[in-house]
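What follows are several structures.
The two complexes that follow have subunit A in common; it is paired with subunit B in the first and with subunit C in the second.
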Partner chain A sequence: MELSLSTRTVDHHTVLEVGGEVDVYTAPRLRERLVELVEAGARSVIVDLSRVEFLDSTGLGVLVGALKRLRAAGGTLALVCGHERLLKIFRITALDRVFALYDSVEAATAATDPDAGQSA
Partner chain B sequence: MTLPDTTTTRPELSHLGQLERTAPTGSPERLRVLLIEDDPGDAFLVQELLVEARAPVDLEIATSVAEARSRLRSVDCILLDLGLPDASGLSGLRELLNETTGTAVCVLTGLEDEHLGIAAVGEGAQDYLIKGQVDGVLLTRALRYAVERKRADENARRLREAQLQQAESARLERGLLPQPLVDPSTAGLVSFYRPGRHRALLGGDFYDVVEVSPGRLQLLVGDVCGHGVEEAALGVTLRVAWRALVLAQVPDDAVLPALEQVLVSERRSEELFATVAMVSVDVPAGRATIRLAGHPPPVLLTEGRAVPCEVDPGLVLGVLPGMSCPAIEIDLPGSDWGLLTYTDGLIEGLGGDTYDRLGIEGLCALLNGYRDTVATPHELPRWLVGQAELRNGEPLADDVAMLLLNAGGAQW
Partner chain C sequence: MPTVRLSFSPAPAHVRTARLVAVAVARRAGVADELLEEIRLAIGEACSRAVALHRSQGTDSLIDVAMDDGDRFTVRVTDRATEGRGAATAADPAAFLVEAPVTAEGPEALAEEAVAATMGLALLAGLVDDLEVEAVPDGVGTEVSMSWPVGRKPTDA
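Up next, the complex of A and B:
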């Protein structure tokens, strides 16, 4: 299945909605888009993985890379991941302790102050 | 100029049967040709020749190399006049060859400049044509032949590249999958590796086993995220570093932190990380200590049942260097146990009717009753991959590495 990416802004947060499969073939496109967003000045990024069918270790690598890039720029990255299938992967890799994970975009926006990143 | 007869079969048309193989639908594929010619009279002549021959050619015209530059990539063949205002002699040809890789080039020379045509072929053009000495059929054939020759050259180049890459992959694979250093009387060991569906992508799975003292084994199974030479090379580095650390009898708790330091200092990109499972087994004492860095847990096989080892996972190596990796000890009951350590490629496939992805639960469900299904430990990994592929519906996408340590040696 293909990867789909769409970006919108919710209360000063940049929400990147990802759908389909994030694997060794499609992960470079996700990386590109995240780099573009950070370069364009996005500092509070929420990656919505609700419609992701499959995420492999290359995809995780891209998310970790984005987290590092955003932190270095004084920003924040939150992940929306409601379903168990994906949560399992975050648990096995213990990345659930590194990423801020939320059930929904609303929960992520409520928990993240869009300006917190810049002043930090 | 003579009007070519296109209806009778000419001897040179016997070539076309072969040349048209790339367009198996019957009619020859249309060629997109860019003529770079500053003389409107000569350009008109070329157009007329092609029309007369009813050649399946879409001709575009540029009057200089500069004007042609933006259109190079959208054509199959370039027909280049060697006497252009902005590029005389072979300089225009060199410029074009530098800027295109897959496009064929034919040059046009005057009768007195035939030596230039020969030199052009020496520089990389596919053919040369002498103005005034070519009819429409010959021109069409030369263009098509140039395109096919360029294609054949490109294919040969790609094949050479693929062969080199394959040799490189084979070298790296040998580095990733070593000869275990284990006395067969200590325990049975079955190692297994299966490259993923996309053979061209070298995976970063690796394993190693070292008997550090009689009855004491160290096992490692790991996976560098991503696929490619970079990842595989890092996998080899990690495996060899790990082997050196355990051979040097570095305390078990210090091995993975040191391995992470090696990863951080050797990786080319910040996005490269690795998951590993390290298992230290004291066979006479019937104890195993398991440390996981972002890796799925080993499965304990005993009394015909399969149970995942409950280990609090440590973080993937390379994400936040310096985090500690918890260790848990498990009992290996009597002489009836097997310990299966694997990479996630085994459990990432589709899970059939019951599970969305096979996962750890699906893996254990497959393994339950293993003693009745699989005659010997030696056959288990291959059988397991077969079952996983059956549920996946096609070969597994990712590489799979497995180590099965078995108390009973070659028997359950």
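Up next, the complex of A and C:
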């Protein structure tokens, strides 16, 4: 399946829902969208990977780039990733220690709410 | 001799094709279903690496994928780049986050490619038990080889 991207706002969070395959061919579109969101002022970004069927190292590179970009701008990036299949990729690359990973968008918004205080 | 052989020009769009073919051949070779997802990812990584190397050097040479279903399902991905990266498996693949300073206007796409290359090798090393990356004996390029058992379920570690 091709890459699909859709953005919505939940409270002050920007949720980017990603679906399909994120690989060396499609990852540039994901990067483009993330750059646009940050340039448009989004500072609490949640990337929902629940509907991602395939994610490779190129996709991981783009997510790391988004994390750095947001941190530089004083923002945060959270990832929603419930599949064991995808979690394994984050574990193998040790990126599970780098990203804030959540089971659901609700869990991510609750955890990254400024009122709730932040651990990182 | 390989059972199925596929050559493609270094275009990112073809990596997906290579993944699809590899999984189809693996399934037909009798590889257990639970390994197919690893194969899809590992072969995708090997091909992405080859595409990145070719593109960084501006070569249009074909990338070769040879699949063989002998005692094991074996895949060899061969690039024609003059300087392939070795099978360096960083002890801490996330170390770059500490080392690389955050720059607001850095060459981000380039940095992301470097991250992807590191992650790609980490994934290959993590997914493939018998990963080998060797210089092509006669000429320019590197060959990434990997294999998986066929015909029976893998024993649990």
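General remarks:
Heads up, the rule we're going with is that the second predicted complex is superposed on the first by the 113 of 120 C-alpha atoms of A that agree within 3 Å, B and C clash if a C-alpha of one lies under 4 Å from a C-alpha of the other, contacts with A are read in each partner's own complex, and residues count from 1 in each chain.
Just so it is clear, a contact is a pair of C-beta atoms (placed from the backbone, for glycine too) under 8 Å apart; a residue touches a chain by one contact, two chains touch by 3 or more.
Computed from a predicted model, the values in this text were never measured in an experiment.
Judged by the touch definition given at the top, the superposed model places A:Leu95 against both subunit B and subunit C.
With both structures placed on the common chain, the touch criterion links A:Ser57 to subunit B and to subunit C. In the superposition on chain A, A:Val24 makes contact with both subunit B and subunit C. In the superposed pair of complexes, A:Arg71 makes contact with subunit C only, with no contact to subunit B.
In the superposition on chain A, subunit A positions 23-24, 31, 54, 56-58, 60-62, 64-65, 68, 85, 92-95, 97-98 are in contact with subunit B in one complex as well as with subunit C in the other.
Residue ranges of subunit A in contact with subunit C, taken from their complex: 21, 23-25, 31, 54, 56-58, 60-62, 64-65, 68-69, 71-73, 85, 89, 92-95, 97-98.
Touching subunit B in their complex are the following residues of subunit A: 23-24, 31, 54, 56-58, 60-62, 64-65, 68, 85, 88, 91-95, 97-98.
For subunit C in complex with subunit A, the residues that touch the partner chain are 12-13, 15-16, 19, 37, 40-41, 44-45, 48, 51-52, 92-94, 97, 102-104, 108-109, 111-120, 122-123, 126-127. Across the complex, subunit A is touched by residues 201, 223, 225-227, 270-273, 275, 294-296, 313-316, 319-320, 344, 348, 356-357, 359, 397-398 of subunit B.
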